[in-house]
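Here the chain labels run A, B, C, D, E and F in written order, and each chain numbers its own residues starting at 1.
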Amino acid sequence: MKLVTAIIKPFKLEEVRQALTDLGLQGMTVSEVKGYGRQKGHTEIYRGAEYAVNFLPKVKIEVAVSSGDVSRAVEAIVAAAKTGQIGDGKIFVTSIEHSVRIRTGETDDTALS
Amino acid sequence: MSDERNTRRLTAALASAMVLATAALPALAADAPVPNKGDTSWMLISSALVLLMTVPGLALFYGGLVRSKNMLSILMQVFYTVCVVSVIWVVYGYSVTFSEGTGFNSIIGGFSKAFLKGVTVDSTAETFTHKVVIPEYAYIAFQMTFACITPALIVGAFAERLKFSAVALFVPLWVTFVYFPIAHMVWYWAGPDAIVTAAKAVVDAGADVAKKTAAEAVLAAANSNAGMAFQWGAIDFAGGTVVHINAGIAGLMGALMIGKRVGFGKESMAPHSLTMTMIGASLLWVGWFGFNAGSALEASGTAALAMVNTFVATAAAALAWTLAENVEKGRPSLLGMVSGAVAGLVAVTPAAGYAGPAGSIVIGLAAGFICFVFCSTVKNKFGYDDSLDVFGVHCIGGIVGAILTAVFAAPSLGGQGIFDYEANKVADYVLMKQVLIQCKAVALTLLWSGIGSVIIYKVVDVIVGLRSTVDEEREGLDIADHGERAYNY
Amino acid sequence: MSDERNTRRLTAALASAMVLATAALPALAADAPVPNKGDTSWMLISSALVLLMTVPGLALFYGGLVRSKNMLSILMQVFYTVCVVSVIWVVYGYSVTFSEGTGFNSIIGGFSKAFLKGVTVDSTAETFTHKVVIPEYAYIAFQMTFACITPALIVGAFAERLKFSAVALFVPLWVTFVYFPIAHMVWYWAGPDAIVTAAKAVVDAGADVAKKTAAEAVLAAANSNAGMAFQWGAIDFAGGTVVHINAGIAGLMGALMIGKRVGFGKESMAPHSLTMTMIGASLLWVGWFGFNAGSALEASGTAALAMVNTFVATAAAALAWTLAENVEKGRPSLLGMVSGAVAGLVAVTPAAGYAGPAGSIVIGLAAGFICFVFCSTVKNKFGYDDSLDVFGVHCIGGIVGAILTAVFAAPSLGGQGIFDYEANKVADYVLMKQVLIQCKAVALTLLWSGIGSVIIYKVVDVIVGLRSTVDEEREGLDIADHGERAYNY
Amino acid sequence: MSDERNTRRLTAALASAMVLATAALPALAADAPVPNKGDTSWMLISSALVLLMTVPGLALFYGGLVRSKNMLSILMQVFYTVCVVSVIWVVYGYSVTFSEGTGFNSIIGGFSKAFLKGVTVDSTAETFTHKVVIPEYAYIAFQMTFACITPALIVGAFAERLKFSAVALFVPLWVTFVYFPIAHMVWYWAGPDAIVTAAKAVVDAGADVAKKTAAEAVLAAANSNAGMAFQWGAIDFAGGTVVHINAGIAGLMGALMIGKRVGFGKESMAPHSLTMTMIGASLLWVGWFGFNAGSALEASGTAALAMVNTFVATAAAALAWTLAENVEKGRPSLLGMVSGAVAGLVAVTPAAGYAGPAGSIVIGLAAGFICFVFCSTVKNKFGYDDSLDVFGVHCIGGIVGAILTAVFAAPSLGGQGIFDYEANKVADYVLMKQVLIQCKAVALTLLWSGIGSVIIYKVVDVIVGLRSTVDEEREGLDIADHGERAYNY
Amino acid sequence: MKLVTAIIKPFKLEEVRQALTDLGLQGMTVSEVKGYGRQKGHTEIYRGAEYAVNFLPKVKIEVAVSSGDVSRAVEAIVAAAKTGQIGDGKIFVTSIEHSVRIRTGETDDTALS
Amino acid sequence: MKLVTAIIKPFKLEEVRQALTDLGLQGMTVSEVKGYGRQKGHTEIYRGAEYAVNFLPKVKIEVAVSSGDVSRAVEAIVAAAKTGQIGDGKIFVTSIEHSVRIRTGETDDTALS
C-alpha cells in the first residue's frame, strides 16, 4: 500500500475529490495547510507594521491506495489539480507498511476502503 | 421637509399673489414654534440608531454571508459609503434633496443650502404636524443617515468581485444622480404650515373673489412645491421606495452587468460566519426602530405605532420564511429566519406609520413568503448572481410593502389613512386608487434607478474598471484590494 | 398598567356603587392627560434597548458559551422566541396580561384587547405617577419586549440538546400559561387614577355616610382590581420575579427533565467564543438600562436613579465574582466577570427604582458572590446539567434581588420606600413585613412556573419529543436541526 | 457642573458679602427649575450610549487588534475598568470631581457628596443654559461613563504584556490621581445660575457703591469657583483634553516604561480579527453621539449640531486616512479607515458643540491625515511599542482637536463662539488668544497626566509588578492571567 | 521506528490519548482534518444555494514509536477509537528512518519520548 | 528523496523557514497541530467546569528534500528551532518513493523545488 500525499490549491479540492472518486477511490483525508515555494506571497500592512506573508493557503490530500492504484491516482490528481500556474503543488508517494480499519479491524488492502 | 426658510423663499417667489395673504406672516414669525425637547431627543437617538443599522449592522449582515477572504472588502465598502455620503450630504446633498429647486423642483432641489448655508442651532424643520418643529440640524442628521444606508445596501449585490476603486467612484455618483432625486421626488414638500396657512387664507377670503383667487393661487403653489411622486399622492412612511426599491434595482443591474463570481454554482460559497449575519440582522432590527419610528419626526403615538408595526411585521416575516423553508426543505435555517426578518423590515418600512399592527402582521407574512420564494426559487431559475440577495429581499420586499401599504393604510382595514392638511382631517380613502398611485411611484423608482444605475456602472467601468481579476478574486479582495486579512486566529 | 379604558370598564362593573361617585368622570375626560414627549421618547428607546438585550445581546451571551456546532441552534432559538412571542403579544398576550380579567382577574386578564382592539395612536396608558401617561402603543411595545426576553432566557438551560421543534412548541405554551399569568399577578393593577380618584371621593364624602360607604366600595374595588401578588404588596420594579425567577426555575426543570448532554463531565465543553459572550454581556448591560430605567415609565429622576443603580450593582457584582474566583481558583476569568455582571443585573432588577446607589452596590456584591458559589460549587455538587447556568444566575440572582429589594427599598437604608396612592405619600415601611411579602411572591413564582413548566415539557415531549438523538447531538444541532454551519473560515 | 446645592454652599462661604445680595435667593428656591423630560430622556440614553462605546465598543476595537491569545485579557481589562471606576465614582469620584473643593478647589473637589450624599430623585444639576436643569442622577450617570472610558483607553498602549493584577491596581490609582483632578480642572464651575444671579445683582446695584462692591465680590467668587483650566477660559466640549489627551499621554508613558512586546518587530503581530475592530469602531461612532451630543446636557439645537459635527468629522477623517494610505501604500485598508474614523471622533470631541459642520470636516481631515503620519511613520522612527496607538490616535488626535477647536469655534469661521453668562450673549472672539489658552490646557494635561502616570506605574511596579514573564507572554495572557481561551472553534 | 497515523472521530481523541498514555506512550501530535469515505456527509442550504458537504471532521493522530511498540499502539488505538459505526477511521503504519529531539539533539528511539 | 517532518514551537516557524531558505531549500508545507509530550499543558476553568488541556499548539513543517540534503536540513532545523526548553519538538525523517510537481509533471528530485 502507498500513501499518496498531494498539496494542491484549495479551490481544486472538489475536482480532485471527484477525479479520485471516479477512479473508485472513495476515501481520503484532507487538511488545511500553508505552503511555501516559488509562488510568491504578499505583503500585509496594519497601521505602521508591514508583514511579508510568505505562506499561502493550500490543501493537503492524503489517499491510501493499494500499490497497484498509485499511478492512476497520481495521474488523476495531476490532471484535476493542474492550472498551469505557479503554485499548483506537489505529490509525494510514500510506503504504508500496515493499515487497519478501526470499525472492523480489517487490515491492509481491505482496510483502505 | 422644508423649514420656515423655505416658506419664506416660496413667499418671495409668489410675491404678487401674496400681497393679500401676507397679513398672517408677521404673526407666524412672532410665535414661531420651537422644538419640543422630547421630539428632539427622539430624533437624535433615531439618527444614532440608523447609523447603528449601517455600521456595524448592515456591514455584518452582509459580511457574514461572504467568504472570509472577502470580509474586509464588504466591511470597508459599507463603512466607506457612510463616510463619503455623509460628507456629500453636508456639502450639497441635503440642499439638493430638501431645498426648493430652481427649474426642476418636481425632480430635484437647489443649491441654496449647500454647506448647510444659513442653518443655525435655532433653525427648525417642520414635521408632519402643523406647528410642531424639530431643530433643523436634527432633521439634517436624521436624513443623512438615510442617504448613507441606501447606497450601502447595493454593495451586497456585487459583493466578492467588485474592485474597491469601482465602489469608491460608484457611490458618490449614484447617491448624487439616483438617490437625491428620488428622495426629493418622494419626500420633498412645502410642509404643513404653507398649506394650512394658505388653506386658511382661502377660507378667510370668504366672498371676496379677488382675495379668494389670490389665496387659491398661493395654496396651489404650496401644493405644487413638492416632489413629483409626492404630488401624485404616493405614500412612503420611511423609505420603501426611496431606500429599498431604489437600492434593490440598482443592485440587480449591477449583478447583471458585472457577471457571476468565479466558481459560482460550482464551488461552495457558504457564508463564513452566520454569527455575524445574525448580529447584523439583529442590529438592523433594533436600528430600524429609529428608521421607521423616527420617520414620524415626533415622539408621538404614531411613532409608537410605527415601532409596534416594525416589531411585529418583522417577526411575522421571519416566521413566514422559516415556515416556508421548513415545508420545502425540511429544516428551518437561521439564515432563513433572519432573511425573513429583514424582508419584513423592508416591507413594513413604507407602511410603518400608516398600517395597524394586524395589517403589519399580514404585510410581514406576505413579504416573508414572497421573498423566500424569490430568493430560493426564482433567482435560481434566472441564474444571475445577486450575491447577497439585494434584489430578492430589498427590491421585492420593498414592492410588496409599497403596494400593501396602500391596502393596510385604509382606515377600514385598521390603518391611519392619509391626512389632508387643507381640510385638517383624515382624507377619504379610495383603496384601489392608492394602490395605483403606489404602483406608479414604484415604476418611477424602478425606471429612474434602473436606468441611472446602468449608466453609472458604465461610466465607472470606463474610468476605473468594475471587476477584479480572476486571480484577485480567488485570492480574495481583502488581500487584493486592502492588503489585510480579516482573521488571524 | 391599565389605561383610561380600564377605568371605564371598571366603572361599568361597579355601576350601582358609582352612582354617587361619577361626578368626577366627565371632568377626567375633559382634561384627560396627554403624554409628555420626553416620556414617550424614553419609552420608545427603552423598548429598542430591551430588544437589543435579547437579539443580539442574550443570543450572543448564550451562543458564545456553547460549542461552535450548536451556535446557530442557540441563536435561532432566541431569535425565534422573540418573533413568536411578539406576534402572540399583539394577538392576545397584551390583552390577557394587562386588561382586566373576567372571573380570575387576580390571576389572568381577559380578551377584550385581543388584536389590540380599541387601541389608537391617541390611547394612553397610565404610569406610576398620577396624571402622567404615555401612548398605549409605547406601553405595548415596551412590555412586548419583556414577554420576548423571558422565555428566551430559558433556552440556555437545555442548550445543545433540545430539538428546535421542541423549542418551537415550548415557547408559545410557556409564555401563555406561565409568563402571562405571572406578569398579570405581579404587575396588573387599576393604575393611579382609579385609586386617587376613589380616595378623593372618600375624603370628599366627609360626614355623608351613604356617600362614604359607596366611595369606599369603589376604592376597595379599585384596589382589588389587581393581580394577586400586587395585592399582597409585592414590589418588583422591573421584573426580578416575573422575568428572572420565572425563567430560571423553568430552566432548571428543563435541565432536570431532559438530562445531561452527551459527554457531560467527560468531554471538554469549553465555550466556543468568549468574545461573543463578552459582547452579549455588554449589550445586556447597555440594554438593561432600557429594561430597568425604562420600567419607571417616565424620563424622571427615578429613571435616572434606576440607571445609576443598574450601573453600579452590575459593576459591584462583576467585581465580587472576580474577587471570589481569584481567591478560590487563583485566576480571575473574563467569563467570571461577565457572569457576575449578569448576576448583578438580575439582582438589581426588582430594586432598580427602589434602592439607593449604595444599597445597590451591596445588592450587587451579594448577588455576585452568591451566584459564584452557586455556579461553581453547588451545581457541581448536585450534578445536573444546566448548560448555561440559567438557574444559578437568573433564579438565584433573582431571589437574592427580590429579598434584598425589601431591605434596601427601606427609606431608612437610603431607599425610596413604597408610594401610597391613597394617602398620596410614601408609606411607612416595615422591613421584615416586606421581606415576607417578597418571599411569598418568590414562592408563588417558583411554584407556578416550576409546576407549569414541568407540565409543558411533558406535553411537548408527547407531541414532538424533546431531545435530539445522540448522533445529532454529536454532530451538532446546527447541522441536525438547521442544515447550516455557523462558521466557514 | 454644580447644582443648586453648590450654589448654597458658595453662599455660606461668602456670607458677609452676601448680606446685601441674598434677596434673590428665596425667589430662586420658590421657582426652582425642574427638568424637562426631553432633556432627561436624552441624557439617559446618552449615558447608555457612552457605556456602549466602552463595552463592547472600545473593548472590541482594541481586542480585534491583538493576537487571539491576548483577546480575553484586553476584554477583561476594559470591562474591569468600567466596573471598578463606576463603583469608585459613586463612592467618591463624583464628589471630588464635581463638588466644590476645600482648599484646592481649582485643582480638586471635596468629599461632601461622597456616596452621593444628599442626592435625591429630585436633585438637579445645572446645564449650560440658565434655568435649564437635569436630574442630578442623570448627570451623575452621564459623567460616570466618562470616568469609565478614559482609563480604559490607556490599556491599549501596553496591551499584550501587562499583568492583569497590574491593571487592576493601576486603574483605581490613575482615575483618582489623574482623571478626577483633570476633569475638575477643566469642567468644574459654579454653573450659570450663580453667575447670572450675581451679574444681575451687580447691575441692580446701580449707583449704590457699597451694594455694587459686595455684588462684584459675589460675582468674582462665582467666577473663581471653577477648575483651573476652566478659569483660564479653556474650552473642551466633550473631553478632548480630559479624556483623550489625558489617556493618550498616560498610554505613551506606559509603553515607554514597560518596554516592547516579546518578538516586537520580528514576529507577526497581525490583528487577530479586524471584524471585531470594525464592530468596535462602529459602536464607538454610534456611542460617541451620546458622548459628544450628550455633552450639550440638553436635547437642543446645539446637541443636534454636535451630532452632525461628530458625524462628518469622523467621516472626513476616515476618508483622509484612507486617501493618505492609498497614496503612500497603494492599498487603502479597513484598519486605516476605521483608525481614521476614531481619530476624527477624538479630534471633534472638544469642538463638537462649538464648530460648524464645515469646520468639523476640516478638523476631521486634519486629524485623519496627521494621525496617519504619526502612526505609520513617526512611531516607527521612534521605535516605541504603543501596541494599539493610544498615543498616536488619542493624544495626537486630541491635541489637533483642542487647538482646532479654538480656530473653528470662531463665529467668523462658522463657529458658535463662547457664551458670556455675565453679559448674557456670545462673547467677542479673539482667535489667537483662544489658541494659546487651549495650548495651555493641553500642556497642563500632558504634564499632569504624564508625570502622574509615571509615578503610578512605578508604584504599581513596586507593589505587584507590571509585566508578565516572557513565557506567559508567549503563551498569551488569556491562559496566563485568566485561565481561559477566547476561541474553541 | 514507526509512525502510527490514526484518523479517528474527534470525540474519541481523549480516550485514545488516555489509552496510549497507559501504554507509556507519552508523545503524539494531533491535527484537525476532514475525512471522506463511506460515512456520508450532509447537505447544507443557504438561501437558494445547496451544498453537499462530503467531508466530515476527523482528528489525525501521529505517534512515533519504536518498532516493538507498534502492534500494542495499534491495538490500543483500535480499542479506544472504535464505536462500531461507520466512519470510525483508519490506522496507517509507516516507517521512520531517523528521528531527533530538537531540545537535546538525541536521536532515534531515545528521541521518541 | 526524504520527507523531513519537524514539529516545532509556533514562534520558531519564521526562523526555521529562514534557515532552510538559506540552505537553498525553497519549499515546505506547514500545518498547525497540537502536541502532547513532556511539556505540561494547563488547566482552564469555565464557571464550574475545569478542563485539563494537555495539547499544546505546535507547528508541523514538512520538507521534501533529495536524500543528500537530509542531514543539512535536519541540522538547520535543530539549530533554528532549539530554545533548550522542554517542548522544542521532534524531527522525523521518512522516505519518499516518488514525487511530482503538478504544474509541470516533473518528477522526483526535479519536482522538489
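The rule we apply is simple: contacts are C-beta pairs under 8 Å (C-beta built on N, C-alpha and C of every residue); 3 or more make two chains touch, one makes a residue touch a chain.
What you see is a predicted model, and the numbers here were worked out from it, not measured in a lab.
Contact with both subunit A and subunit B is made by D, E. Taking the definition of touch as given, a chain qualifies here only if it contacts subunit A and subunit D alike; those chains are B, F. Here the chain-to-chain distance from subunit B to subunit D, counted in touching steps, is 1. When the C-beta pairs in contact are tallied for C-F and for E-F, the bigger tally goes to E-F.
Comparing the residue numbers each copy contributes, subunit A and subunit E share less than half of them at their mutual interface.
The distance from the centre of subunit B to the centre of subunit C, with each centre set as the mean of the Cα atoms, comes to 35 Å.
Centre-to-centre spacing of subunit B and subunit E amounts to 56 Å, using the average Cα coordinate of each chain.
In whole angstrom, the spacing between the mean C-alpha positions of subunit D and subunit F is 50.
Among the residues of subunit C, those in touch with two or more other chains are 36-39, 41-42, 45, 268, 270-271, 273, 279, 299, 329, 331, 333, 335, 483-485, 487, 489.
Residues of subunit E in contact with at least two other chains: 31, 44-46, 94-95. The complete set of chain-chain contacts reads A-B, A-D, A-E, A-F, B-C, B-D, B-E, C-D, C-E, C-F, D-F, E-F. Residues 263, 266-268, 474-475, 479, 483-485 of subunit B touch subunit A in their complex. On subunit B, the positions that touch subunit E within their shared complex are 65, 268-271, 329, 331, 333, 335-336, 339, 375-377, 379-380, 389. Interface residues of subunit C, counted against subunit D in their complex, comprise 36-39, 41-42, 45, 49, 67-68, 268, 270-275, 278-279, 281-283, 285-286, 289-290, 293, 298-305, 307-308, 311-312, 314-316, 318-319, 322, 329, 331-335, 337-338, 341, 356-358, 361, 416, 487, 489. Note for the complex: subunit E touches subunit A at residues 2, 6-8, 31-38, 54-55, 58, 60, 70, 74, 77-78, 81-95. Remark: subunit A residues 44-49, 51, 53 touch subunit D in the complex.
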